[in-house]
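Next come two complexes built around chain A: one with chain B, the other with chain C.
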Partner chain A sequence: MGAHARSPAQPGTARVLLAVLPALPTLAAVAGTLLLFSLFLLVQGQPAGEALMLIAQGAFGSTFAWQNTLMRAAPLMLTALCVALPARVGLIVIGGEGALALGGLAAAMLAQRLPDTMPWFLATPALAVAAMVTGGVWIGAVGALRQWRGVNETISSLLMAYIAIALFKFLVEGPLRDPASLNKPSTPTLPEPFMIGALPGLDVHWGLFWGVLVCIAAWVFVSHSTQGFAMRVTGGNPRAARLVGLPVNSLALTACVLGGAAAGLAGMFEVAAVQGSANAALLAGYGYAGILVAFAARQHPLAIVACALMIGGIEASGSLLQRRLDLPDATTLVLQGLLFANLLAWEALGKPLASWRVSLQGAAQSAPAHQMEQSHV
Partner chain B sequence: MSDVQSPIAVLLLSLLAGAIRVSTPYLFVSLGECLTEKGGRVNLGLEGILVSGAMSGYAGAYLTGSPWAGVLIAGGIGLLLGCIHGLICSLPRVSDIAFGIALMLFGTGLAFYLGKPFIAPQAPMLVSIDLGAWSASPQLHNALQVNPLFVIGVVLALALQWGLRSTRWGMTLRLVGENAESARAMGYPITRVRIAATAAGGFFAGVGGAYLSLVYPGSWNEGLSSGQGLMAVALVIFARWQPLRCLWAALLFGAAGALGPALQAIGVTSGYYLFNAAPYVLTLAIMIVNCRQDRTLAGAPGELSLTR
Partner chain C sequence: MTQRRDFIKQAGALALGTALPLDTVLAADKLTVGVIYVGSKGDYGYNQAQAQAVSAIRKMPNVKVVEQENVPETVAAQKAMAAMIEQDGATLIFATSFGYYDPHVLKVAARYPKIRFAHCGGLWQPGAPANIASYFGYIDECQYLNGVVAGHMSKSKKLGFVAAKPIPQVLRNINAFTLGAQSIDPAITTHVIFTGDWSMPVKEAEAANSLIDQGCDVLTCHVDGPKVVVETAEKRGAMSCGYHASQAALAPNGYLTGAEWDWSTPFSRLVAAAQASKPSANLLRGGLKEGFVRMSPYGANVTANAKAKADAIKAQMMAGKFAIFKGPLKDNKGGIAIAAGTSYAQTDITLERMNYLVAGAIGQV
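Let's look at the complex of A and B:
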């Protein structure tokens, strides 16, 4: 790379390179992950090439694989926003699992109180609001503790997630348990009219549609609204943001509440479209995988949609790996961990890339100016 | 009067027993984190190292037939993972907090993957020292079964307390963590010191993990650790970066962790999950009480990203 930085590039190549440049750390991270993962399998005498093929096949190789992937991608988009929105104001929140669990529980609890005769177009929004408020309050508390008490948000959000999970298990196996659920403690099943159906022509529930829509809305909010801009300034330099009079505390709180609401909504869809009740199957780790999705997307709401598909695909391929190669189900966890570590480690490329970019920009701009001079002569 | 009957006495005894039994992993991980943070870095990945240590310690003890070999293997794995954290976080633009989260996921995934064949077999356990043989009460006798790893942890806390204060090495580490600029001016290799501190911290966390699988609860399964590695980070803040205070804090956390089982022993079974959440609530409460928005924490190393 050093050689590139020094040699003056042709204007055309310079422009192409400039376009590819921002993607370079991510590409290097993916390549590094695949290499390390293959080595990891080869050391144990496993066929690495076949395993990678199976992952691709299990993620996107058939209609069934696609449906499995999309089912997992839907909640991941929402839990990733629980990381990406607070990241806008410079907070690292990793407790989305708790907001998802309590959001789902709130939706299941409210469904018991609503009359069965209520039409779905009133009931579903009511359940969604209950879940979003619960998730928003839970993560909002993390933001409030950070801004007003200086409590580190990364640790407190994970502690809050553990507390939420304990509360969830206590309520589901205790006071809110449906006596009919014998070996799988659950809340009472949602009335049939309240269940959310599949998207037309697909076997995937409406949560996918809403996940994509919320990501687009989040993108519009963070990059095209005044408040979103103020959040970015705060994340870049909180002291400067305070100096220019931005309401740093309420911006941080808003970002946390919105993120928590997104994760809560994911819980509502898991209850009302997949599980049918709140039970331990809700704690499938979507909150934790969402952290990886958000970091892979570099906290960009639109990139989250693509990254959720990728991570959802990796998770979906687990059962195929287990069946064909007899690999443990934690194989996909190893792959995700390697990917996460690589994504962060290759950030180090940013420094040389920045200087390379400056020299490329110089090369790309020198050409038109040169031509213009000639035409005038 | 050979048996303790009163429920309060039984509860207190179980809490005491629990404090000693449950505190050891907290102690080792918090000492490791304390050492890492003294150098100015945070390793949130100690949770992943703890789980990896538990798995490799169990597997090592099973394969070699010696629990102490298992403890050393667990420490070695912890050292390796700590080294990775130290090296990668020395690269420019890599956040130690974010990489810690990645290491948490990676270490856990790796342990689950490699630990699959070791869930069923029974590995040899570390034998405890019987300090309660004089007592006629079986509960007290039981409470005073002290494991050698706990004793090692106590000695380690004392040694670190002394070493950080009074040895050349300890002073260098503290200077690097307190003010990297002046350490650089005096010609100390900042990066190398930090990597060494993180690696040593990883070793301790790995040993703490071996305690989980080889002593208490004393088996390997995927639900073995429940955030002890992460709570240790909060515990270090509570202990104000003093190794000896880490010992008292670990005992307190151990007692909180023993609250659920202790209440079960006297017949309180409802709300089991809620009482098990006691350590998390305690951690959060401690952080809320100890942190302030307008000033950095007393005793915090100056270079620490965690408290900025």
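Let's look at the complex of A and C:
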């Protein structure tokens, strides 16, 4: 990692700069997005200032807005990890939607097998494990295909997601369908005691709590564990990693399995905290939105929490834009698209930033080592 | 903050409304109606039919409408409804997609017992929150008439049906269409292709092309947006019958007629009840007679014969004297679907569990 040049200049300032450095491309992208979005609205003859105010208000302007944002952000945190964790070993996996669907389905099916009398503190973890194992196996298969068969993981994960969705629909509308669900094919409804409630005092379910917790755990894992470090080495240069004797294949597999497990868990929460059964409403695009969140967070597990809030906020405020300014729903899509394009464009800052970081690291040589490890430009 | 204050004001007004003489309060206050759609308002289909009713209630005095489209059937639906209530002061919410009901409308309606909720799908059952009204229509009557016209106009005697999913509502439409056509010529067959979901434009185009390749010369459909099917038929020189809303503009040559919702009937009834602070029925259903559904005007190429026959059956339906589903009726596997002597009225709950295709409908449930 860092070249430890011995230079004494202002270690304090350097340390602060070093900490915000990884966020710089994202911040620049947000600023660029807002600018372009305002231009877009002005060209359309819409009040840009008012629209931006409404976005802020609709996303974070009141307790209600905050809860609206948090609720939408919760599943995105988990599906973003399905992109961010494989990214650690250099794999770009975009098929989280499939893991989410099958994870949710597994949880819904297991719930039918468990006795109704089972206390929730046993049932909920059991459902979570079922969902995580299913999601983990699904994305793990993508990793295995990549490492042992040389199949491009980006394409295979996307194709696997299509297969998963087809399988999901077939099972929900066929063998696993609750005969009572006439015009909305669904699996049988979860017994009431297995349903996951809201966080105390909030109108947001426990999925948010677990989403944040899993992101923190993922951060500890990738930044503070030997295996996480080995993954980063693998992601940086797999051949070098092999040469120094790292188990590259199993590291890649682990990263994929963990990512898939996170997406599967998101599916479990959608079933057990929101829908009450597995049905087509599960396929709401959380898996794909997670890709945007992970790239916005530049694959950093803690930044995922912040970026999920940002995307959740955009979605929450989209509704206010429609209702107050009569803008079409596509406006939020334009905003998200601009954001994604900006994020990719500002990635070009990577190289100059890397050299800047090296000099800053020299300046802040007394800084604790882990601050440097967080960055991964 | 201002919204919260507005909300409190509105909620207060609502509470007062029950205590004070109505006209004094109502004169001052507008009824804010919130509407959520699962797709785009301009989809030439399911959502457009709902949006047409919304533009009808916009014209009613003292009504303000806030709308949101492309709301998925997730917590987003719950939040969108709650946002309309909390941020815009809406006191009547139209949740227009079938899939919003369970758990989303049920949950939000229980949380806001003073707000009125209207849901499209006719799913309300005793025990569900009393502030929900569920509306739906017997559109299979129009599909039967579609079939009558198609049966007259078809030369190949093969009709095509692009359907989303093999669920009771869809099967009922396919069967009604087929029976309508067979009332003209019992040898007519309907070829059915299921696309698997409500909005699959690419698959819908493939299905439409494939049906035309198989020799079907009149197409109809039951998907959220019939635009693709009707346009494909027009491009290939085939005829089409519409669904949900009128697609006549998309196919000036081949559009025969269409089965349309007329949601302005239940919408205006529910709005009027809310304005008068009167309770409304929890279930609102109706067919042609009640004005919940209607036919598109006949296309230019429809023959006088076909019009006369369809109009005659329509008159019987309007008089409440016509049963679409009556025995003896065979399903397409050779079994008995409805025994001889049995006849089902449109309101019969048995029809809502339909799980077969009638003989002459070629496809698999």
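The definition used in the following text is that the second predicted complex is superposed on the first by the 327 of 377 C-alpha atoms of A that agree within 3 Å, B and C clash if a C-alpha of one lies under 4 Å from a C-alpha of the other, contacts with A are read in each partner's own complex, and residues count from 1 in each chain.
Methods note: contacts are C-beta pairs under 8 Å (C-beta built on N, C-alpha and C of every residue); 3 or more make two chains touch, one makes a residue touch a chain.
All values derive from a computational prediction rather than experimental measurement.
Of the two partner chains, chain C is the only one touched by A:182; chain B is not.
Once the two complexes are laid over each other on the shared chain, residue contacts for A:62 go to chain C alone; chain B is not touched. Once chain A of one complex is fitted onto chain A of the other, the partner contacts of A:323 are limited to chain C, with no touch recorded for chain B. Once chain A of one complex is fitted onto chain A of the other, the partner contacts of A:274 are limited to chain C, with no touch recorded for chain B.
In the superposed pair of complexes, A:334 makes contact with chain B only, with no contact to chain C. When both complexes are overlaid on chain A, the residue A:315 reaches chain C alone and has no touch with chain B.
Of the two partner chains placed by superposition, chain B and chain C are both touched by A:169.
In the superposition on chain A, A:153 makes contact with neither chain B nor chain C.
Of the two partner chains, chain B is the only one touched by A:347; chain C is not. The residues of chain A shared by its contacts with chain B and with chain C are 169, 173, 328. Remark: chain A residues 92, 94, 145, 147-152, 154-156, 158-160, 162-163, 166-167, 169-170, 173-174, 288, 291-292, 295, 328, 330-331, 333-338, 340-341, 343-345, 347-348, 350-351 touch chain B in the complex.
Of all residues in chain B, only 44, 84, 88, 91-95, 97-99, 101-103, 105-110, 112-113, 116, 226-227, 230-231, 233-234, 270-274, 276-277, 280-281, 283-284, 287-288, 291-294, 306-307 touch chain A in the complex they form.
Contacts from chain C toward chain A in the complex involve residues 1, 3-4, 34, 40, 66-76, 79-80, 82-84, 86-88, 98-99, 102-103, 121, 165-169, 196-197, 352-353. The touching residues of chain A, counted against chain C in their complex, run 58, 62, 64, 68, 71-72, 169, 173, 182-185, 203, 270, 274-276, 279-281, 284-285, 315-316, 319-320, 322-323, 326, 328-329.
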